Each structure stands twice: as structure tokens, then as C-alpha cells.
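Each of the next two complexes has subunit A plus one more chain, namely subunit B in the first and subunit C in the second.
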Partner chain A sequence: MTGVMARVGRITINTLVVVGGMTTLLGRILRSLFPLRCDARETWRAFYKVGVKSFPIVILTALFTGAIMVIQSGHYVHKTGATSLLGWAAGFAVFAEIGPILIGLMFSGRVGANNTAELGTMVVTEQVDALRSLAINPTAYLVAPRFLAMTVMLFLLTAMGDLFALFGGAVTAKFMLDVPVWIFLQQVMDAQLLDEYLLGLVKGTVFGMSIAVVSCYYGLTAQGGATGVGRAVNASVVAAAIGIFVTDFVVALMWGIL
Partner chain B sequence: MIEARHLSASFEGVSVLDDVNIRVRKGTIVGIVGVGGVGKSVLLKLFCGLMTPEEGQVMVDDVDIASLDFDGLGSLRQRFGMLFQNYALFDFMTVGENVAFPLEQTGDCPPEEIQARVSERLVDVGLAGSEMLYPRELSGGMKKRVSMARATIANARILLYDDPSAGLDPVTSSKIFSLIERLHDPNGVSVVVSHDIDRMIGVCHEWILLHQGRVWFVGGLEAVKMSSDPVVATFFDTASQGGGV
Partner chain C sequence: MTAALAAWIDSSVRTWDLLRQTIVWILRGALRRRRRQVLQQLYEMGNRSVAFITVTLGILGMISVFQVLKQVEKIVPDFSMIGPAFIQMMIREFGPTIAGLMIATRVGSGIAAEIGSMVVTEQVDALRMCNADPVDYLVVPRFVACGIQSVMLSVYGVLVGVLAGAVTAYLFWNVPFETFFRLDLVQWGDIASGLLKAMCYGLAIPVISAQAGLETRGGSEGVGTSTTRAVVNASFAVVVLDLILSGFSYLVLF
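Our next item is the complex of A and B:
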């Protein structure tokens, strides 16, 4: 019994340490951003790496997301003959939920994991200490540009990804259900899904912030050489995925209230 | 200029430094020696505020660095140049960008002058024309020399060298130690942590031997030679490859 209690206590303390560390890091990031004190070259590099290089994989994910939504709903559409609802169903699911979540998870796996590995390697090879020894604040120099890039770029990637998902859905509807592309798109327009689209963008932005804080935190706290970096990446990917679902729940709840 | 008062530090409950008292006077090149894991690198990091001691104080120019806020510590660190044991080169920057980095960050040096000083310093460390290479394209010894160039380019008054000759061939090691001597500011201090006793002999004015987490011996080369302490004698005789001190 004592052993169980000790374990519960240890897990609770470790969780609080991590949450506290992330909150402190977020505070430091915000302090670096207001007023903006980011290094221009490092910020540009982060935007390029996070946004431009993630574009192909995000678009691919989005195309298949739209296609899968149409395939899944196609069965019921055939059964009921309710082809007029196809665009609404696919658009609603993609904009409000599936699009941002899948794009966020893909982004977290690609960008978040890479970010943790990069920062973790910098920590264990003393590069972060070198920055500090040169009187440079690692949060302002390394973390704030990444936070900015991940937040802005996941917003933009979600905005574009949603549209590509619709395109993927429209093409699939044409070839699998014989619904013309323009009719599918017209159905999406008629469904007036602007609210859902905006909700998805808000989610994308919050996911970007969450992935940035989580991945930077685990990177900066990595220790113990290459094995330690591996452990940090693993923890970061799991925590980022949990963060996506938790923030998704919170944003959906708040959106409903507001 | 740098003073450690009753410094103690530990990692995960294991004591590394215990009640260390050191005074590094202006104008000296100090060699810190001791067996591996005795806390030499930790001591250097404590000196420039990269680590916080569990107990004790580090005074730099009579200022307790623990009393400084973030900005104060930042401006104090501009007096330091540090060569790290693992090179610590920024792997997303070229050699030229790495070496230029400290100068660029000060913001008071025009780009042409930065360029000229980078080229000059790379010549000093025997890496002329390597500006466009990335650290991943360099050998361990070359990385160490680039790191040396970066640590010294801003002409900091306090230079800390953590194992400057590790992994280098004897010829390059000699060049590095000559450079340490040449770049030493008579109004500043240089602290060298190394196992390369033979090359340190010609460069260091004062020696500090760390043993079992404490300062075991402090003194000049003559005092080392005359010491009857078995720890001092054994360490220097064993560590010196050139037939003893």
C-alpha cells in the first residue's frame, strides 16, 4: 500500500514539475515576444524549416483526410440517397475537428519531434551553455522564434490544409460516388461552415502554441547524451499528442460557451 | 579578479566540489588540474555563472554574481570568453558565422571589421579559408580550433579554456597553448583546465590541484617541484608524459 502511495506521489510530483516547467517556459517566451526581441536570422530559419518544409506532408495528410471523410460517409449516402448532405458532412467534420487534429498530429510528429531533438542535442553538446556564456538569452534566441514560427505556420497550414482536404473529398466524391466536383463544393458553400472553419483555425493556432511549448520544454531539459535526447523526443511526442487532445477539448468547450 | 569562496556543488546528491576557495589574480594564467570527474569543468561553469553553487560565492571583479539579475549577469558574461570541452559550435552556422557570432551580438562592430577579424583569427588557429565549412565537415581537432577562435575573438578579459588540447595532435596542441599565452590579456585572467601538463608548464603561472572535490594545492611551478605532498607529487609525476615536472 505504501509502495502504491509512493508511486502515486512520485507521478503527481513529476507531472506538476513538468506542467510548472512548461508554464514558466511559456512565461519566458511571452516576455521575449513583448516587446519583440527575436533574432531575425534565427526567426527566418525557424519559419522556413517549420512552415515551408512541412507544407508537402501537411497537404498530403489533408488530401487523404478529405478523401477518407467522403469514403466513410459515402456508405450512408448511398444507402439513404442523401447526396446533398455529402458536402456538408465532409466540410463540417474536416473544418471543425478532423482537419486541425490530423494536421496538428502530423505537425507534432514532424516539427515537434525534430525541434526537441535539435534543442536536446544543443543542450547535451553545450551549445546552449555557449549561448549563455556569450550573454545571449536562449529563450529569446532559440525558443521564441520557434514558438512564433510554429504558432503562425500551423495556423496557415490548417487554413490551407482544410481547403486541400475539401479538394481531396471532392475528387473522391466524383470518382467513388459520381458526385460532380462543383456540386460537392457548392454543397460545402451552401452549408455556411464559416464558423467551423474559424473554429478549426483557432484550434490550429492553439495546437501550434502547445506543440511549441511542449517540444521546447523537453528539448531544453534533455540530459544524458544521445540516449537522453531519444528519451526527450519520445516524451515530447506523447505529451504533444496529449496536449492536442486536451486543448481541442478546451477550445471546443469555450467556443460552445462563447 | 575571480574569487571562489566556500563553493560547494553536487549532482544528484553526489558531492563534486566541497568548500572550494580559490583566488585568481589579475594578469595570471592559472592551470586547474586533477583527475577526471573531480569538478574542474564544473568550477569553470561556476566562474561564469553557467551553474549556480549550492553553497558559497563567486566574486568577479568584486561583484557577487549571485546578486546579479538576468541583464546584470548578461553584461558580466561579456567579459568572459569560454572554450567548451565538447566544442559547443552551433551546428546550423558555418565556421565563419560561428566565429563572428560573439562580435555580431555586441552590435558595435561593422561587418567589414568582423569579416577581417574572423579571417585573422582563423589564420591564428591554422584554419585559414574555412569560413564556409559547417562544423559537421570538420574533424574533432578542427572543431576545437574553431571553438578557440570563437572564444577569443571578442578579446574578453577573462578567458576560460576547458580542455583545449583534448583530441588534438601534439603539434596542434602546442599551437593552441602558444595561442593561449599570446592571447592572454595582462590585465585579465586566463584559466586553463587540462590534463596536458607538459604543455601547460610553459604557459601557466599558477597551478591549482583539485583532489576529492577540494583544492589540494595552489602554487607556482617551483612550489609544485618542491612539494613533499604525496598527492601533488604523484599526480604531477604521473600526468606529465615528459619525464615529470
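Our next item is the complex of A and C:
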């Protein structure tokens, strides 16, 4: 009995420590963003690294996502013969839910994990301490640019990825279901999915923020050499996935109520 | 561009080779010798992922039902088909695939981090010196355990997602549980397709991640890089396999 209590207590305390650490990190990031006090060159480099390097994998994922959604809705179309529903079903699923989530998870793997590995290496090789001893604030110099870059870039990647997903869906509709490309695109247009598209963009932005905070937190708290960096990356991607789903839920609920 | 493509082809050739070696070791009876490691990996990958899968798939079920009902409410206020269609989609597509992505995230990065840090601390070389093959000793138990637990976690994930969806439908729109829990639309093909997907993901993830881990070079930076590569490659493999298997089951099973 005491063993169980001790475990519950330990898990609770660990969770509180992590959540509290992330919250204070977010606070420190926001403080160095208002007024803007982050290094311009480092920010530019972060934008390049985050956006350009993750572009191919995100676009490929989006293409496949659209194709999968069309195949899955194809089952119903095949059964009921209601071809006109295809554009609505695939477009709705991609814009509102699956597009942002898959793009976010891919982004978390490519950029978030990379970020944790980079910051973790800097921590265990004492480069962050070196920055501090030069009176450079690590939050303003290292963390804030990444936060900015991930938030902006995941927004842009979601905006573009959704369109690529439609393209992938259109091609699949042509080859698997024999629906001409322009008819599919016309259906998506007719479905009036602007609300869902905007919801997806809001989700993408929020996912970017949560991935940035989580990956920077685990990077900065890495300790103990190579093994520690590996463990930090592992913990970071797991926490980022949980963060994506939790913020997804919050955003969807707020959007539904407001 | 060509250099990147060549490197990609090179590493995928080596991944297939690792898969071949793993299967050869299993056929040679590696499982009987490695029973303890397999059990340990089963615990590590399965039992310790349950909480993670519960949170992610549960939330996925809640959001999906919430958003679809919100949309359907505007068109036709008839919720009787939502439950069956949702259950069918969960079994065929979202349950296995999202669970697969979660396993790629948690288990894939774990395998790469563990094997990668063993490589840089020269433990893998030590194994070789003791005439123990790293594939036999490290990869085979993870391969088998992940293949089994991926199926288990997918089934569990579908259950959690459907339950969470039913509760959401009941709380927000008063859809009774009897209307929601109907298996009218579910066919054997759906179940077969879902299980096939889960198994393929479970077998692909450990090989890809172990390959990334075994190729680690340099100190802590190398471990970080190979862990990142494992997550990206394993997640991407899940998406690609999903497309292939969805197309396959659409053309063959129905």
C-alpha cells in the first residue's frame, strides 16, 4: 500500500515539476519577446533551419495524408454511390483534424527532436554555461529565436501542407476512384471549408508553440553525456506528442464553443 | 540533391539488410536463447506505453467525434449512423495508424537512443568482442516485442478511442450508448486491414530505429542526430505503409 502511494506521489511530483518548468520557460520566452530582444542573426538562422529543412518531409507527409483520406472515404462512396460527398469528406478530415495532426507530428519528429538534441548537446558540453559566463542570456539568445521560428514555420507549413494534401487527394481520386481532378477540386470548393481551414491553421500555430516549449525544456534539462541526450530526445518527442493532442483538444473545444 | 538521394538509397539498402539479418537470426532459433530479453522488451514497450496510448488515442476519439458531430448537426440532425461509421474508421484507419505513430515516437526513439548510446560508449564493440552479434543480441528481441505489442496497443487504442468518443457524444449531444455502440458497418475486412496495418508498423519501426541507432557516430551529438533520424524515418514509414496498405485493402479486401 505504501509502495503504491509512494509511486503515485512520485509521478505527481515529477509531472508537476515538468509542467511547472515548461510554464516558467514559456514565461521567460515571452518576456524576451515583448519587447523583442532576441538576436537577429540567430533568429534568421533558426527560421532557415526550421522551415527549409523540414519542408520536404512535411510536404511528402501531406501528399500521402490526402491520398489516404481519399481512399478511406472512397469506401463509403463506393458503397453508396454518392461521389459528391468525396470532396467534402476528404477535405473536412484533412483540414480540420488529420492534416494539422500528422504535419505536427512529423514536424515534432524532424524539428523538435533535432532541437532537443542540439540544445542537449550544448548543455552537456557546457556551451550554455559558457554563454552565461559571457553574460549572454541563453533564453534570449537560444530559446526565443527557436520559439519564434517554430511557431511561424508550422503555421506556414500547415497552410501549404493542406493544399498539397488536396493535390495528393485529387491524384488518388483520379487513379483509384476514377473521379476527374477538376471535379474533385470543385467539390472541395463547394463544400465551403474555410472555417475548417482556419481551424487547422490555428491548430498548427498552437502546435508549433507547444513543440517549441517542450523541446527546448527537455534540451535545457538534459544531463549526463551521450546517454542523457538520447534520453532527453526520447522524452521530448513523447511529451511533444502528448502536447499536440492536448492542445488539439483545447483548441477544438474553444472553437466549438465560441 | 543527388548526394542526398544516394545517401537515402544507401541507408534504405542497409535497413533492408538489417531486416534480412534479423529474420535469419530468428530462423536460426535466436528467440529461444533470447526469451528473457524478449519478455523484458515486451514490458518496456507495451506496459510502459499504455498510459501514453490512453491519453493520445482517448483525446483523438473525443476530438474526432466532437468535430464530426458539430459538422453533421448543421446538415442533418441524425446521429444514428455516426457511432457505427466512427467505430469502423477507428478500426480500419485511425486506431492502428495513430497508435503506430505514437509507437514510432516512443518506442522508435527509445530504441535509437538506447542502441546509439551503447554504440558511442563502445558497448556494442564489447559485445562483438564476446562473439555476440549485436543483431542477435539487441535487434531480435526488440523486433519481436514491438511486432507483438504494436498489435496489442492498437487494439487497446481502438477501444480507448471508441469509449472516449461514445462518452463525448453522450455528454455533448445526448447520443445514447446503445445508438453509438453498433457494429453494423464493421466487416471482417476492416478488422483484417487494421490488424495487418498494426503488424506491419510494429515490424518496420524497430528495424528502422535500430538501423539509425547502430549507425551512430561521435559523442552526444551523434546520439541526438540518430534519435531524430529514427523518429522521422519511423513515422514516415508508418505514413507510407498506411497508404500502401489502405490502397491494398481497398482493392483486394472489398
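Heads up, the rule we're going with is that the second predicted complex is superposed on the first by the 258 of 258 C-alpha atoms of A that agree within 3 Å, B and C clash if a C-alpha of one lies under 4 Å from a C-alpha of the other, contacts with A are read in each partner's own complex, and residues count from 1 in each chain.
The rule we apply is simple: contacts are C-beta pairs under 8 Å (C-beta built on N, C-alpha and C of every residue); 3 or more make two chains touch, one makes a residue touch a chain.
Bear in mind that the values here come from a model prediction, so they are computed numbers and not experimental data.
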{"item": "Side-by-side fit of subunit B and subunit C on subunit A, or clash", "value": "fit"}
{"item": "Which superposed partner A:A135 touches (first subunit B, second subunit C, both, neither)", "value": "first"}
{"item": "Partner chain in contact with A:T125 - subunit B first, subunit C second, else both or neither", "value": "both"}
{"item": "Subunit A residues touched by each partner, larger count belonging to subunit B or subunit C", "value": "C"}
{"item": "Partner chain in contact with A:R45 - subunit B first, subunit C second, else both or neither", "value": "first"}
{"item": "Subunit B, subunit C and vertex subunit A (Cα centres) - angle in steps of 10°", "value": "100"}
{"item": "Which of subunit B and subunit C A:T221 touches, first, second, both or neither", "value": "neither"}
{"item": "Touching partner for A:F64 - first (subunit B), second (subunit C), both, neither", "value": "second"}
{"item": "Smallest separation of CA atoms, subunit C relative to subunit B, angstrom", "value": "10"}
{"item": "Contact residues of subunit A, present in both the subunit B and the subunit C interface", "value": "121, 125"}
{"item": "Residues of subunit A defined as touching subunit C within the complex", "value": "57, 60-61, 64-65, 67-68, 71-72, 74-76, 78, 92, 96-97, 101-102, 105-106, 108-110, 113-114, 116-118, 120-121, 124-125, 176, 225-231, 233-234, 237-238, 241-242, 245-246, 248-249, 252-253, 256"}
{"item": "Interface residues, subunit B side, partner subunit A - complex", "value": "45, 48, 50, 70, 73-75, 77-78, 80, 82, 84-92, 101-102, 105"}
{"item": "Residues of subunit A that touch subunit B when the two form their complex", "value": "45, 121-122, 125-127, 129-130, 132-137"}
{"item": "List of subunit C residues in touch with subunit A within their complex", "value": "52, 55-56, 59-60, 62-64, 66-67, 70-71, 85, 89, 92-93, 98, 101-102, 105-106, 109-110, 112-114, 116-117, 120-121, 219-225, 227-228, 231-232, 235-236, 239-240, 242-243, 246-247, 250-251, 254"}
